[in-house]
Structure formats: structure tokens, C-alpha cells
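Following are the structures in question.
One chain, chain A, appears in both complexes that follow, with chain B as partner in the first and chain C in the second.
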Partner chain A sequence: MIQETLFLKNTETFAESLARCGVKYHFAYPITPATDVMKRMAVILPRYGGQMMQMESELAVSSALAGAACTGKLVATSSSGPGLTLMHEAIGFMCAAYLPCIVVDSMRVGPGDGDILGAQSDYFVVTRGGAHGDYRTVVLAPSSGQEIADLVPHGIRLAYRYRIPVVFVIDGVSAQTTESTTLPAYNDYSAEFDTSGWAFTGTKDHAKRALITGSYSHQDGYEMNERLRAKYEVIRDKEQMWEQDGVEDAELVVAAFGIHGRMCRDLVSRMRADGKKVGFIRPITLWPFPDRAFEALGSCVQNILVVEMNLGQMVDDVRLAVNGRIPVHFLGKTGGDLPMYTLADMIAEADRLLGE
Partner chain B sequence: MLHKCTISGSGGQGSALMAKMICLGAIKEGLKVVMTQTYGIEQRGGDSTAYVIVSDQPIGSPIVENDADIAVALSSSTYANCFEGVVPGGSLFTNSSMVEAPRDARGFRQVLLPVSDMAVELGTVRCANMVMLGAVLAGTGLLRLEVAEEVVRESLGAKKPQLVELNVNALRAGFAAMEKEGN
Partner chain C sequence: MENLSAKYGKTLNLDKLTSYCPGCGHGVVTRLVAEAIEELGIMERTIAIVGIGCGGFSHHYMDIDAIEATHGRAPSFALGYKLAMPENIVFTYAGDGDTCAIGLGDLLHAANKGMPITTIMVNNTVFGMTGGQMSPTTLVGQVTATTAKGRDTALQGYPLLVPEMMRSMEGVKFLARESVATPKAIRKAKRSIRKAFECQVRGLGYSFVEVVVPCPTGLKMRVRDSYARCANEMTDYFKPQVFRDETEQVDVA
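Entry: the complex of A and B
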């Protein structure tokens, strides 16, 4: 496939980007607002020599994902909050077993089965971990169709470089938005990495090797956790990503990811046009959280406003990053006909904090 | 260049298709587009609204927040929302075949066109959306008419070639009617 600009739902952009960047097997179970990813995968993956498999449940999906990942092939799944919740046992196992994969979470209103409307309420579950144990997954939060296409190659490289599940999160409103997006030409990014030291490919060309496992005892468990700790330190050090604008002389910094982060560009340009000193930080990696963006804020910053489509999740990480140095405020909601605050609402709250 | 559009009608009137045509045409012109739609528990005959943003720059907020500079009301049930969602200086295109008692527009332009009746004269009421699209193009310069015709040919040409002529004629009829209105 050649590079081309298409008009796609962002769920479809995920499918196109994953297939064009080397995903061979996609396992999924239908759930709004993520079903369009698997639907398009079913149509296009055979063109790339791959296949989409609809399993009988999300438990089966995640087990198939872990099993296929053991072969070193690039594998992916797509789901939404309630489905992702069911997958966590396998995701925790994959972290212990050093297995790469790509997970797409199209977030909707929770808790419980919740609502099919979009939300950003899975921030905790993807950054803190929905399974037991000390583990982390890389979490990427694109804010537009183009950013999905641009980030997928990077996400695949992270998954293989660190042998770790990489989770893409997008709110359901953005997932269902249709945009013009320039998609890349086909390139299997996982092929850049040598998997011969660990992948199960049969014993034709090598001796039988130890089972990839998430089970261990005593000293083994200690050593494995220390290896994980060291790996997570490297990721924290090297892989923080964010977008920022106008923070150098800002009195107020607005922090938001995904759709609200994208809206911050308009917020800052409008408020700056009125002479108001406002900047924004849009985390692109939710884990590792871009602490550095907040640590670097100067003494001119008097307040930080965090905006989310939830009741306050990323705001905790912002508070940890500024460590009491700057007051942190929160604006967020979940559910409703429009399950988010509008740009006008965001500007009104920003004005209030500026004392206007 | 930035246009925010609200395109509303009853389910089946083709407001979503009209929005999609605008997007495909804008992409042909090298512009960026975002389209959002209400989704959820819908039924045929219910209201359907598509929001389109067209820009020559990367698009920030993808949400049209009662700040459309181009609004289209194909049905009476969607008229009030459209009317209230136009920015000062914007344009509201009202299907006067369906909206029997249009309100007086203050601070923005309202174009009253009986696009459903015009569509019936062309052969079927189902092309009312394309009549309206032609009028919007003539009234706003959003896209060139030739580009919209190209989109119709490409979208319908392969599967339904018999519909191409009808829809192109509908586009041209709307465009001509609007030009006659003196823009």
C-alpha cells in the first residue's frame, strides 16, 4: 500500500495504521465504540498476509494475544473499557513474560458496563494497571487521526524495543470522529527487531528453550521484578512525550490529553489574542507521564488547570509532577449528551482562574 | 481559512451524505476536514446532525459549539437548533419546503430555498440534499461546483451510475437558484 490521504473514522485509522505498520494478527470481540477497528481489520489484514480473528470473549482475545505474541509476530487487539477490564489478567502476564503487543482502548463512560458515549475514564486502569503486581505498560494518547497514523510506528518500536504491551487510548468521541488523515506506505516496523533470542518458532533451528512464563518463585521473582524495575526506569527516563505551547511566560497552564488537549490549541490562540498569558501541556505518553514538562514550568505560572472527560484521574499525576509547587485545579465531567466540556466552558474556567 | 458547518435534517434526508460530500471535496482541494456526528440510540425519521470543520491548517477543537458560520436545516424539527447555532455574520440555509414559519434572522444571513420541491421537479425528493449542497457552494464559496460534481461521480459512479446525472443536475439546480438570488 502506498501513502495516501483518506477520510476515515479514527477507529478505522487505527486499523489502517496498524495493518500498514506490520500487525499480522488482530484478535477482538465487538464493543462500541471500538468495533470499527476489528471490522476494518477483518477486511484489510488479508491483503497484508494477516488475519483478524473474532474470539468468543475478551478473555479469549487476551489469551490468544499472549499466545500469538510468544511467536514474535506483531499482534494487536482493540476494545473499550469493559472489554479491557476483562483482558487484564493476560496483560499482566505479558508484562511478566516480556511480550510485545498493541492494545487499542476506545474509552467510554464507566464504571460497570457504563454508557457507549465517549470518556477518558480509563486513565487509571491503563496507567496504574488493572492486574495485580508491579508492572507498567506504555500508554500513548493520540488526539487526532493524523496523530494515530504518526504514533503507531513509534508504539510498535516501543513494544519491541522494551518487549512490553503498548496501549493506545482514545476517547470514544474522537474514536467516532471522521477526519482526513495521511496514512503511511506499508512497512513492518517489528521487522527492525531481532526476536530470535526469545520467540517460539519451533525447535528446527535451535535447542528447546525455557518456557516464557509469568510464574516464578523466591529468588527468581525478585530478580525478574528487579529487571522490570530497571526497564521501567529506562522508559521513564527516555520515552516521555508531550506537546506544549505558550508555557514560557504563562500565568496559567492548561493540561489535558486527547481531545481536550487538542482543544487547548484553540484555547491558547484565542486567549493569547486577547492578551492573556495562557499556555498548554498535552501529554502524549500517559505512562511514562511527562513529569519533565511540569518540572520545567517557571515561577511565572500561578495556576494549572487540568481538563478531562472523567472525574479527575490524570490530575493526580499532574499534582505529583508539580509536587505542591503550583496550585492544580480540575475541570471534568463524564456522561451526558455531550460527555465533555466545550471550548467555551474551558475558556470560562481559565478566565476565572486568571481572576477575570 | 476556517469554516464550521452544522448540517441537519430528518433521518433519510441525506444530511450526513451531504456533510461527507463536503469533506471529500475539501480533501480534493488539499484541505483538512473533521466530521463529527451524533451517535447512539437513533431511529429512522429521527433527527440527524453532522458537524463539519474545514480548514487549511491542522484543526484544533473538532467540536462545533453553536458557532457555525454555515448552517443547513433540511427539516422543521432541526430548524430551531440550527437557527440558534449560527455565529454573527454566518449563513443559515433553510429548506422552505419543510420549514413553514421561518424566523427573522438578526445578525446573520438566512437563505430560504424550497429544495424539496425543487428536487421533486428534478425527479425525486431524495436529491433535496444535493440541491441544498449546490446552493451552499454558490452562497459561501466553500467548494468549487466542479469539485462537488467530481465527488458525486466518484462516490456514485461505480455502483449507481444512473444516479450520477440526477445528482449532478440537482447540484447545478441549487447552485443556479442561489446565484439567481444574488448570493
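Entry: the complex of A and C
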């Protein structure tokens, strides 16, 4: 497949990017607004010698995903809130088992069965973990079709470098946005990594390997967790990503991820044009959270405004990152006919905080 | 110590002390599985996906790659694995609780998909590992840790007949229930387990064997009595039989 620019729904951009970057097997169960990922995977994966497999539930989806990941091959799944909830049994398992995979969550309104409209309400479940035990997954939050295409290779590398599930979250509004994206030429990024040292492919070329996540002694359980702790510390240290602009002399910093983060570019350029000292930080990795972006804010910053399509989730991480140094305000909602804020709403709140 | 592995083949690792209780039926079934793998010459490309429970230890006694799945999900793990590595032989091995309580949905859908994977369900009518609680296959009136007055059909229904549920599924190409109650029964069980693997090796489709076994510890019985129960009450209800055998048809692999 050659590099080409297509006008695609962002869910389809996920499918195209994953297949072009080496995903061979995709497992899924229909759910709006994620279904278009599996639909396109069903059509395109056979062209790459792969296959989309529809399972009977997201429990089965994530279990099949884990089984396939044991071979060392690049595998992925896609879902939305209620499906992601069911997948957590296997996500926690894969963290303990050091299995790489890609998970795409097109976030919709929750809790319960919620609403199919877009939201950012899965921030907690992906960054805190919806399964038992001390585990982390890398969480990437692209804000446009182009950023999906650009981040997928990086996500695959992280999944294999750290042997960890990598979760892409996107609000359902961005997921269903149709826009032009330049898709990469085919390249299997997982092929950069040698899996022969750990994959469970049969004893022809290695002594018996057993994937065991249960501890046979209390010491085993302790050591497994210490190994995980060390890995998570490395990831936290090396892999924080964010976009920022105008923060150096800002009086107000707006922090948002996904679509509201994307809108911050317009917010800052418009308010700066009016002479207002506003900047923004858009976290790209939600875990590891880009603490450093907030730690580096100067004393000029008098307020931080966090905007989310939920009732206040990432705002907790912003508060932890600034640790009381700067007042943190929150603007958020979820659901309704327009499940997000307009640029005018965001500017009005920013003006209010600037005392205008 | 004498090197028993050298004597009995490479798959079975007899040099390891087992974790099974004395008289546990898992010991017999584990050996039969290992012998089938050995005889078919597929050891280097066979992967065990074991459930949670006493049967989860079974892979330790076979020198093959193994995955300890989450509770009940081994059939789904196996489907994913087989899709990604069709050249390998994948079987699941778990107790009745894992296979047909928490895992019934995964099991029936895997069977119905008909992909060439193999399931060994070891039915001892209790949750062994957690201490002898009721399972879906607990017999009517059977006293367990959670049915102090015996299984009550008004509340808990009747023991689940699992292979019977797969009889109408076209993708299931080998389907049997066996037991380890007597030496003769064990020889029959050995034949069925081997055929179940052969079914996969030849790419025919899904294969399933339930093996009815005693759990002396969970049943709080002497080993001898638990085998007598296996030969009588258990197999009266769970009738050993080969429901379907399409291993005789021409190769499609």
C-alpha cells in the first residue's frame, strides 16, 4: 500500500493506519461509535494477509486478543465505553503477562449503557485501570485524523518496546469526524522488534515457556509487581508527550486533550490577537500524564482552565501535577445534543478567569 | 532418580512432582493428553491453554509451551492464538467450573465457530481448587461446600450436559465424553483424546472431550470410594459415549 491522502472518517483512519503499520489480526464486537473500525478492518485486513474476527462479546474479544498476542504478532481491537469495561479482565491480564497490543476506544457518554454521543468519559478507566491490581497501560489521545496516522507507528513501538497494551482514546465526536489524512505507506513496525525471546510459539527453537500471571509463592507476586513498577517508572520518565503554545508568558493556561485540545490552538490565536496572555497544553499521552508540562509553568501563570467532555477527570491529574501551586478551574459537561463546548463557550470562560 | 521422561517420551515430564492430590483424576487425564501429543509427534508445535483451577497446573507436567488464561476464557484465547498461528496445535484444558460455569459462553461460541482447536474438559462435579463448591455439573442431591443439603433442582437446576449442547453444531467434528473410572474406561478415554487432537492436526474442525473423573479431596472421599462413585453415579448421569467422529473422512488440512 502506498502513501496516500484520503478523505476518511477518523474511525476508518484508525483501521487504515493500524493495517498499514502492521496489524494483522483485529478482534471486535459491534458498538457505536467504534464499529466503523471493525467494518473497515474486515474489508482491508485480508489484503494484508490478515483477518478481522468478530466475537460474541468484548470479554471474548479481549481474550482472543490476548491469545493472539501470545504469538508475538501485532494485534488490535476497537470498542467504546461499555465494551471497554468488559475488556478489562484481559487488559489487566495482558499487563501482567507482558503482552503487546493496540486497543482503540471511541469514547461515548457513560455510565451504564450511556449514550452513543461522543464524550471523554473514559479518562479514568484508561488511566487508573478498570481491572484489579497495580497496572498501567500507555494511553495516547490523538486529536485529529492526521495525528492518528502519525501516532499509530509510535504506539506500536511503545507496545513492543515495553511489551504493554497501548490504548488509543478518542472522543466519539472526533471519531466520527470526516477529514483529509495522509496515510502512511505499508510498514510493519512490530517487525523492528524481535519477539523470538519470549513468544509462545512452540518448543521447536526454545525450552518450554509458560505464561503465568498467578503467583505460586508470595515472593513471586512481590517480584512480579516490582518488575512492573520498574517498567512503569521508565515509561513515566521517558514517554510523556504533549503539545503546547503560548505558555511562556501566559496568565491563563487552558489544558485539554482530544478535540478540546485541538480547539485550544484557535482559542489561543484568537485571544492572543486581542492581546490576551493565554496559552495551552494539550496532553497527548494521558498515561504517562505529562506532569512536566505543568511543572515547568512559570510564576506568570495565575490560573489553569481544564476543559473536558466529562464531569472532571483529567482535571485531577492537572491538580496533582501543579500540586497546589496554581489554581485549577474546570469546565466540563457530558451528553446532550451538543456534548461539548463551542470555541465561544471556552473563550467566554477564559475571559471570565482573566477578569475581563 | 531414574529419568522417567526418557522412558515415557519427551512430552510428559514425569520428573516433576505433581501438585495433584493423591487419586486426583487430573493426573490420569494429563498423562493421556501428553501421550496423545507424543504419539502424534506434535510436541514442538503444541500449545496448552489452561484454565484456572487444579487443571491449570497440568501444563507443568508437559514440556510444551503453555498459557495460563483468565478464568473461563481459554477457548477464546485459543481462537485468537489459532487465527494468528494456524500451523500450531492449540488445546484448552480446564475443569468443569472453568469450562462450563464462567466459561460456557466462550466455550459454546468457540465450538460453534468450528475452528480447529481442541478442548479437554475435566469434569469432577465440583470446584476443586477453591474447596469443593457446587459446579454446574454437580449431581442432583450432591452435598458440596455450597449445597449443604444437596443440589436442589428447584434452585440450582440440573447438572449440565455439555457435549450434548454441541450435538447440533456442524463445526464440531469430534465430540465425546469419557471417564477414568476403570482401566478399560481409561483406554477408551485415551483413544478419544488422541482422536480429538488428530481432528485438529488434520484441520477438520473443533474437537471436544469431556472426561469424568474423581476429586477425592473436594468430595471428601477415600480414593477408592471416589473411583466407585465415578464408575457408578457419575457415569450413570454423564454417560460416556462418542457423539460424533468425523476423523474418518478425507484430509482437508
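Methods note: the second predicted complex is superposed on the first by the 350 of 356 C-alpha atoms of A that agree within 3 Å, B and C clash if a C-alpha of one lies under 4 Å from a C-alpha of the other, contacts with A are read in each partner's own complex, and residues count from 1 in each chain.
The rule is short, and it goes like this: contacts are C-beta pairs under 8 Å (C-beta built on N, C-alpha and C of every residue); 3 or more make two chains touch, one makes a residue touch a chain.
Note that the coordinates shown come from a computational prediction; the quantities given were computed from them, not determined experimentally.
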* **Clash or fit (per the criteria above) of chain B with chain C on chain A** => fit
* Mind working out whether A:His26 is in touch with chain B, chain C, both or neither, as first, second, both or neither? => neither
* **Touching partner for A:Asp266 - first (chain B), second (chain C), both, neither** => first
* Determine, under the contact definition given at the top, whether A:Arg282 touches first (chain B), second (chain C), both, or neither. => neither
* **Partner chain(s) touched by A:Thr342 [first = chain B, second = chain C, both, neither]** => first
* Asked: Just chain B (first), just chain C (second), both, or neither: which does A:Leu59 touch?
  -> second
* To do: Figure out whether A:His154 sits in contact with chain B (first) or chain C (second), or with both, or with neither.
  => neither
* Return, as a multiple of 10 degrees, the angle whose vertex is the Cα centre of chain A and whose sides reach the Cα centres of chain B and chain C. => 120
* To do: Could you say whether A:Val75 touches chain B, chain C, both of them, or neither, answering first, second, both or neither?
  => second
* After lining up the shared chain so the two structures overlap, which partner does A:Arg108 touch, if you call chain B first and chain C second: first, second, both or neither? -> neither
* A:Ile116 contacts which: chain B (first), chain C (second), both, neither? -> first
* Compare chain B and chain C by how many residues of chain A each one touches, and report the one with more. => C
* Structure fact -> In the overlay, chain B and chain C get no closer at Cα level (Å) than 31
* Starting from the residues of chain A touching chain B, keep only those that also touch chain C in the other complex, and list them. => none
* chain B residues touching chain A - in the complex, by the definition given at the top -> 20, 23-24, 26-27, 31-37, 39-40, 58-63, 65
* Asked: So in the complex, which bits of chain A are touching chain B?
  -> 5, 7, 33, 116-117, 144, 146, 173-174, 176-180, 259, 262-266, 269, 342-344
* Structure fact -> Seen from chain C, its contact residues with chain A in the complex are 43-47, 49, 52, 56, 59-60, 63-70, 73, 76-81, 83-85, 88, 105-106, 109
* Structure fact -> Counting only contacts in the complex, chain A reaches chain C at residues 24-25, 27, 51, 53, 55-57, 59-61, 63-71, 73, 75, 89-90, 93, 200-204, 207-214
